[in-house]
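The same chain A turns up in both complexes below, where it pairs with chain B and then with chain C.
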Partner chain A sequence: MIPLPVGLVTGALLDLLAAGLALSLLIVGIRVVRTHRRRRHERIAAPVRVLLLELLCAPDDEQSELLDRIARIDRRTWVALEPTVTSMLGKVTGRARTALVLLCERRGSAAAALADLGSRTAPRRGRAAQLLGQLGHRPAVPALCRLLGDRDREVRLAAARALGRIGDPVAAPRLLRSLHGPRTVPPRVVTAALTSLGPEALPGVVAGLRDPSPLVRAVAVEVLGTTGAIARTPEIVRALREDPDTEVRIRAARALGRLGMPEGLAPLVAALGPDRPAALRMVAAGALGGLGAVAATVPLTRLLGDVDAHVAGAAARALLRLGPQGEAALRQAADGRPGTRAAAQARAALAERAVGGTRHDVLVEVTL
Partner chain B sequence: MSVAGAQTWDGPLGALHDVITVCDAAVILYFLAVNTGYLVLILLALAELVRRTRRAPFAGHEDAAGSAFTPPISVIMPAYNEAAGITEAVRAMLLLHYPVFEVVVVDDGSTDGTLDALTDAFDLAEVEHVVPEDVPVRGAVSSLHLPAGGPVPLVVARKANGGKADALNVGINLARYPLLCMVDADSILDSQALLAVAKPFSDDPLRVVASGGVVGIANGCTVEAGRVVEAHVPTDLLGRTQVVEYLRGFFLGRTGWSKAGGLLIIAGAFGLFRRDVVVAVGGMDPDCVGEDAELVVRLHRHLRAQGHRHGDYRIVFVTEPISWSEAPSSLRVLGRQRRRWQRGLTEILLKHRRMIGNPRYGRVGLMALPFYLLFELMAPLVELAGLVLVPLGVLIGAVDTEFLWLFLLAAYAYAMVVSLVSVAVEEYAYHRFSRWRDVWGAFVGAAVENVGYRQFTAWWRLRGMWDALHRAPQVWGAMTRSGFGPRERVREGDRRP
Partner chain C sequence: MARVLIADDDADIRDLVAFKLNQGGHQVTAVEDGVAALRAVREQPLDLVLLDIRMPGLSGLDVCRRLRSCDETASLPVILITARSQEGDVELGFAAGADDYIVKPFSPRELSSRVTALLTRVER
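Right, the complex of A and B next:
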C-alpha cells in the first residue's frame, strides 16, 4: 500500500489554481501597462515630435529658435521624446545630427550619461556608453576606456563601439589591450572601432604589431590593411614573412591585397608554397588577384591543379582579376588536357565570368 | 488513505494489483517530474530573457548591419519539390538585412519543376563547376546554375536525390563563407534574422560554434513579400495548442538549455554553424532523420573529444523572434511530423548512447541527454502506459477514485501553470502577438493541450520510435503547402521548429 497524500494534493491543487489565476492576471497586467505606457508616451511626445522634425529640416537661422523651444520642454515630455531623439542620432548626418547633439547636451543627456557610466547596474552603464558614442562625446573617452574592462561583456562591447564612434585616437592602445586579459572585447568589434579612429591612431596600431599576443598582432594588421595604410606596407610584409602565427600571416596577406602595393608581390607569391597552410595559400591567391600584378600569372596558373579545390578555385578567380594576361592563362589551362583538375577549375572560373557571376570572395576558415 | 483501495487481493491477482499500484505511482511521479523539468527550464530562460531584454538597447545590431567586419554567411536552402514557393522564398532570402551573404539552393532531384521555377525567376544560366569534397555526399551535383548578368549572390545546384541531409552536405561543399546558415525552403525569416543569429559569433568568435534561432508558428500570421508582418495566434484549436507547445518546449525550453550549457537541438528550419567545425565532423548524417539535432549532438561529442571543456566552446540559442514555419493544421500532417521527430530523436539517442550519463561529456552527458531520454524519448511510452494502467488500476481497485480525480486535476493545473508561465514570459520579453484575441487563443491552447492533444502525439511518437527501431525507409518531410502569395495567411507544414 502506498499512502495517499490527499491533503498535500488538495493543497497543491488550490495553490496551482491560485498561481494560474495570478499568471492570467499578470499576462493581462503586462499588456495593459505596456499599452497604456506606449499610448501615454505617444500622446505626450506627439506635439514635440513635429517640432523635432522641423528642427532636423530647418535652415541655420531657424534652427536655434527651434532648439530653444524643444530644449525648454518639461521633463515628462523629454522622457517621452528622448528615445526618438537617440534613435534618430544614428540615422541622420550633418547639420541635422549636430542639432540633435546640441539638443541632447542642452538637456543634460551627455552629462547624465557620463555619470551613468559609473552606475552599479550594467544595463544603465551600457545605455550610457551607447548614447555617449552616438553623441560623439569626447570628454567621455577616458571613462569609456575604463569600461573596456567592465565585468559585463555587453557593456564592454558598447564601450568599444562608442569609442569607435567618437573617433579619438588616444583610445587605440586601450582598444588593443582589451583583446586579451580576463575581460576581453571580441576582435571584430575592436577592429571596427580602430578603423574608425582615423590616421592619427595608426602609430598606436602599428605598435600592436610587436605585441606578444597573436590576437593583437592580427587585429593590428587587419586595421592597417583596411584603413589603406600604404606607408606601413613594410611592417605588413614582415608580418607575412616572419610572424609565427598563421592567423596573423593570413591577415597580413589579405592586407597586402587590399593595399595593392608592389612590395606585396614577392611575399604573397612565397605564401602560395605547398608547405604553407591552405587558408594562407587561399588568401594569398585572392590577394594576388587584388594586387592585379601580371607577374603573379605564372604562380597562380601553377595553383590551378592544386589538390585543395578551394586553393585552386581562389587561384582561378584571381587570374580573372589580372586582366587579359591572366584570362589568357586561364583559357590555355581550360583548353588543356580534359579531365585534369586545372582544366576543370579554369573552365569553371571562365563559365562564372561568362554569366557575370564570379564569386571573388575567398573562403577562409578564420575564427577571429 | 492509500493508492490502493480498501479491497484486498491474493495470489497472482494480488501481485498484479501491487504492480499496477506501483506503476500508477510511477506515472504520477513522472508527470510531476516532466512538468517540474520544464518549469526549471522556463525559469532559467526567464533569467536569460530578462538579461537580454535589459541589454537590447545597446546590443549593437545596427553596427553589425553596417560593419565590413561582420562575418559573411552562406545560407544553404535544400529543396525537394518546392516549386510552389521556392521563388518567393529565395527572393525573400536575398533581401535579408545583412552585409555579406550568399544563398545556396540545393535542388535534391525535384520532380515538380523546382529548378525551372528558379531558372525563370532569376534568369539562371548553367555553368561548369568544380565542387570541393570537404564533406562526403551521395548524390553528385549534376548541374550548377548562376544568375546571368548580375551580381545576385545566388547559387543553385541540382543533384541526384539523396535526402535532405545529403542536400545540405552539397550545400556545405559549395558554400563560400565561414558561417553556414541552414534554412528550410519554407522558412520565413525576419529581415534581421541573420544579424540576430550571427551576433553570438561576432561577440564571442573564439568559442561560439553554432547558434539556433527561434522558430515561430506562421499559421494565422500575415505574410507579405516573404515576411511575417503581423504575428497572430491561429484561430483553430490545433494551431493554438501548437503555439503554446512551441513557446514552452522550443522557445523557452531551448533558451533554458542554452543557459544551462546543454543545448542539443538547433532547428533545421534556422541554424547557423561554423563551417570549419561542421566540415571537421563530416557534415550532416544522411542516415539520420533528425539530421539537425544529430549534428549538434555530434558537435558536442567532437569538441569534448578534442579536450574542450564546458565554457571552452558554446552552442547557443538566440531568443529574438526571427524565423517562422508553417505548422500542421490537420491531425494527419501533425501525426506525420511528430512521427518523424520522434524517430529522429530515437536515432540520435541510440547513435550517441555512450554519451548518456557519461561525465566526460559534462552537462550534455549528465543533464541534457538524460533529460531527453527520460522526458522526451520515454514520454510517449509512459503517457500511453498511464492511459492504460490508471483506468485499470481504478477497475481493480488499485487506485482510489477520489484521489485519482484530485490528482488529475492537480496535474492538469500544474501543466496549465507551466504553459501560462511560458505565455507570460513571451508577453514580457517579446509580446509578438498584438491582439487581445491572440492572448485568449494562447490561453485556450494552454487549456486544451493536455486533453487529447498530448495523448494523440504520444501515439504518433510511439510509432516514430518503432520506425527508428525497425529502420523504416526515410522520406523527405512532405509538405502540404501552396506557396505564399503577395499577402496571405499561412497554412500548414511538417518541419522541425
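Right, the complex of A and C next:
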C-alpha cells in the first residue's frame, strides 16, 4: 500500500468542507432571497388584495367599478397580486370567477401566458398552460395540443389538464394520441380531460375505438362509460364482442354496466362464458348487477359455483343488486348442500349485506 | 349578526370567507388548522363553524366528531368545506354530524346563502 502524504489528504478534506459550506450558503441565500421576495410581494399586494376580495364578494352593480380600479394598478403591484388572482381562479365559481377572468383579460394575462407556452423553461410553460386552462382560453387550444408532446412530463400533464378545463372538443383526438409515442400523458389524466370535454367530443372519442393502440381504445371506451354516452352503446357492445384486447373488453363491460342500457344484457351474459378471461368474467358479472336486469338472475346464479372464487363472488354481489329476485336466488343457493362453493358464496354475500355498508360496485373495481 | 368560525389551511379561502361573512354583518374568527379550531370553540361563544375537511393534523371531520361528542358543542351548526375530488368525504361528513357542506370551488354568494339558511334553521 502506498502511503498518502498527510498534506494531500488534509487539503482534499478542506476542499470538500469548503465546497459543502459554499453549497449550504448558496441554498440558504436562495431561500433568503425567495422569502424576501415573497414578503415584499405580500407587502405590495396587501392593499389591493382587499380590493380583490371586495371584487369577488361585490354585488353586481359595484363589480365593474372595482374591476376598473384593479385593472388600472401599476405593473409592480400587478406582478405582486397576480399569483393570488390566478390561485383564486381555481377556488371560486359564478360571478366571482367571471370577474377574475375579465380582470386577467384586461391585464393581458392570457396573451402573456400564450407567449410563455413557448418559453425555454419548463416551469414557466407549465404555469402558462395551467393559467390558460383556468381562464378557459379557447384560442390557446392549438398551442396546448402541441404541448402534449412537450419534452417535460409535467408540462404535458399541465397541457392535458388545461385542455380538459377549456373543454374544446377539437382536442379529443390529440389527447387520445398523447397516450402513445415517446412522450406520453398518463391514461388517468387523459381520461379525466376527455371526460371534461362534454358530449360534443364524443365523435372524436368514438373514433379512438378504431385506433391500432389497445391503450387508446381502452381509454376511449372508458370515457364513453363515464360520460354516460348511451347513444354510443352499440359501439361499446361491439368493443366487448370483437376487440382483440382483453383490457379493452373489460373496460367495455364496465362501461355497459355504468350506462345501464338493456342492449348491454346479451353481450355481458356472453362475456360470462367459461372460455373468457377471469378478469373479464368478473367485471361482466359486476356490470350485470349494475344493469339491474332481472333476466341476468339465471346466468349469475350459475356462476355462484364457478371455480374462480373472484368470479363467483362478483356474481353473488351482483345478484344482491338485482333486488328481490336476485336475493331470492341467493337464498336458495345458500340453503343448498353445506360446503358447496355456490352455497358458500351466497352465504358470504348475504352476510356481507347483513353487516351493511359494502359498496359492491366499488368492490369489483378495487379487486381489479 | 352571528359569530362564525372558519378553519381552513388555505389563506385565500380563509380571507374570502371572512370577508364575505363580515360583509353580511357576521363576526368572523379565522384559524388555519383543526387544533386551533377546537381551541377557538373552547375560548369563545360561536353560532356556526365552517370546517375544511382536509387540514393538516386534525381534519375537519375529526373536529366535527369532537364537537358532536361534547355536550356544550353537540348542537353547534357545522358546515364542511370539501374539494370536488373529495366528494366521497361528504357522506363521512354527515356521519360525523355535519349539518351542511360546500364544495370547492364555490361562489361566495352561495356560501353566504348557506350560512344564512343554516342560521335561520337553527334559530327556528
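In this section, the second predicted complex is superposed on the first by the 335 of 368 C-alpha atoms of A that agree within 3 Å, B and C clash if a C-alpha of one lies under 4 Å from a C-alpha of the other, contacts with A are read in each partner's own complex, and residues count from 1 in each chain.
Please note the rule applied: a residue touches a chain if its C-beta (ideal position, glycine included) is under 8 Å from a C-beta of that chain, and two chains touch if they have at least 3 such contacts.
Fair warning: this is a prediction, and the values are worked out from it, not measured in the lab.
Once the two complexes are laid over each other on the shared chain, residue contacts for A:P244 go to neither chain B nor chain C.
In the overlay built on the shared chain, the residue A:L56 is in contact with chain C alone; chain B does not reach it.
Using the contact criterion defined above for the overlaid structures, shared-chain residue A:L16 touches chain B, although it does not reach chain C. Using the contact criterion defined above for the overlaid structures, shared-chain residue A:P182 touches neither chain B nor chain C, since it reaches no partner.
In the superposition on chain A, A:P212 contacts neither chain B nor chain C. Once chain A of one complex is fitted onto chain A of the other, the partner contacts of A:G90 extend to both chain B and chain C.
Of the two partners chain B and chain C, it is B that touches the larger number of chain A residues.
By the touch criterion stated above, A:A158 is placed in contact with chain B alone, chain C being left untouched. After overlaying the two complexes on the shared chain, residue contacts for A:G313 are found with chain B alone; chain C is out of touch. The contact surfaces that chain B and chain C form on chain A in the two complexes overlap at residues 90. By the touch criterion given at the top, residues 10, 12-13, 15-16, 19-20, 23, 104-110 of chain C touch chain A in their complex. By the touch criterion given at the top, residues 1-4, 6, 9-10, 12-13, 16-17, 19-20, 23-24, 26-28, 30-31, 34, 90, 122-123, 126-127, 129-130, 153-155, 157-158, 161, 186-189, 191-192, 226, 309-310, 312-313, 341, 344-345, 347-348, 350-352, 354-357, 359, 361, 363-368 of chain A touch chain B in their complex.
Interface residues of chain B facing chain A in the complex, by the touch rule stated above, are 1-4, 21-22, 25, 54-55, 57-60, 62-63, 67-72, 100, 102, 125, 127-133, 146-153, 155, 175-178, 202-206, 274-276, 279, 400, 402-403, 406-407, 409-410, 413-414, 416-417, 420-421, 423-424, 427-428, 431, 436, 439, 443. Contacts from chain A toward chain C in the complex involve residues 49-50, 53-54, 56-57, 84, 87-88, 90-97.
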